[in-house]
Amino acid sequence: MADWLTSLKTETPQQGFELAITLARKGVGYTQPSAEIRQALRPVYESDADSLTLASQVIAIHFQTVALANNHWK
Amino acid sequence: MADWLTSLKTETPQQGFELAITLARKGVGYTQPSAEIRQALRPVYESDADSLTLASQVIAIHFQTVALANNHWK
Amino acid sequence: MADWLTSLKTETPQQGFELAITLARKGVGYTQPSAEIRQALRPVYESDADSLTLASQVIAIHFQTVALANNHWK
Amino acid sequence: MADWLTSLKTETPQQGFELAITLARKGVGYTQPSAEIRQALRPVYESDADSLTLASQVIAIHFQTVALANNHWK
Amino acid sequence: MADWLTSLKTETPQQGFELAITLARKGVGYTQPSAEIRQALRPVYESDADSLTLASQVIAIHFQTVALANNHWK
Amino acid sequence: MADWLTSLKTETPQQGFELAITLARKGVGYTQPSAEIRQALRPVYESDADSLTLASQVIAIHFQTVALANNHWK
């Protein structure tokens, strides 16, 4: 797999949040490597409230990590 | 997407809590970009006790991050 | 909304625990603002073991934050 | 309610773990104050594998807090 | 109950991981003290993917604590 | 069991992320030691959106630990 994560540093908190989203998706991607299957699953969880909340939770956990790596952009 | 997160600093813990709510919702918003679909899902999870607790949990995780960024407003 | 969170400081760990409960409930309250609906949901989750454990989990996450804000009451 | 949590300090990690269990149960107890109902729910979650894992998870979160309060008993 | 946790220190990260597993199981053991019932539940969660992931999650939370206690074995 | 975790140090964040995946899988592996059964479960959770999100969550928790052990690769 090509390099996709060379640093946790971002310029702004928003970019950090978006990196957290990338990390959450990569966690799914490593577990289910088929882009086709992942694509097929999108309509399922994208229209399920709890699935969306669960996805938001994983982002929240990664955002803690990214924020810490950036000293909370202080 | 326009800038929506330029700092994790807030003046009070309550504003920090409200920022945590924003972050939790943004996590959902990035995953399901359609405001229409998100709106349609609201009645479902807003009347389900566990869905509300789960939403509260994501807020709690983000509040940890925001609190740390603000040195817990000491 | 009136001020409800002006500080994370409490005198004792027990008060900190009770603040964590308040924070967990506020997370629900912001998501479902209708007190009537929240009241209607109480019997559901209050008699479901997993719902209670899930509620306890959100409290645990907030208690981490409050404890840190109080330097663990050392 | 009488004082039940005056300190997070314990002499040993094991006592800290047991305090974490107390905290997890208190989270349930504040949410469902009826000891009778809680007692009635015990057989349900005590014989469900996922319920037990979920309970163990809440203990784990509280144990993080207690361990930190005790400087990990170093 | 006999002493089973006198220190969070381990010599290697792997031993720390195994201690995290012990802690996760102890959380279950305190909640369901009957070894017989726990044994009966094993086939259920051991052949359910989500139950295994959930168990892995509790281990992950405890591993955070043990790693911190060991200064991440640096 | 042979040594599989001698250090939490990695050269890059990406290797740290991959170590987090290993840790998440090891948590499953210790709980269900049969590679055959784990293999049989793969198709189930690999095609279930929530199972994948849950797996991603465990990775996120371990990534926090690994990132901390590496001082966030600063």
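Note that the chains take the letters A, B, C, D, E and F in the order they are written out, and that residue 1 is the start of every chain.
The definition used in the following text is that a residue touches a chain if its C-beta (ideal position, glycine included) is under 8 Å from a C-beta of that chain, and two chains touch if they have at least 3 such contacts.
Bear in mind the structure is a predicted one, so any value in this text is a computation, not a measurement.
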Next on the checklist: If I average the CA coordinates per chain, which chain comes out farthest from chain E?
Outcome noted: B
Checklist entry - Just how much do you need to spin chain E so its Cα atoms sit on those of chain F, in degrees to the nearest 5? => result 60
Checklist entry - What is the chain whose Cα centre is as far as it gets from that of chain F? => result C
Checklist entry - Where the centres are mean C-alpha positions, what is the separation of chain A from chain D, in Å? => result 31
Checklist entry - How many angstrom between the C-alpha centroids of chain E and chain D? => result 15
Item to check | Approximate Å spacing (C-alpha centroids) for the pair chain D, chain F | outcome: 27
Item to check | Where chain F touches two or more other chains at once, by residue number | outcome: 45, 48, 50, 54-55, 57, 61, 64, 68
Checklist entry - If each chain is a dot and touching chains are joined, what shape do you get: line, ring, star, complete or other? => result ring
Checklist entry - Mind pulling up the chain E residues that touch chain D in the complex? => result 3-9, 23-28, 30-32, 37-38, 41-42, 44-45, 48, 50-51, 54-55, 57-58, 61-62, 64-65, 68-69
Checklist entry - Which of the residues in chain D come into contact with chain E in the complex? => result 12-14, 17-18, 21, 45-50, 52-57, 59-61, 63-64, 67-68, 72-74
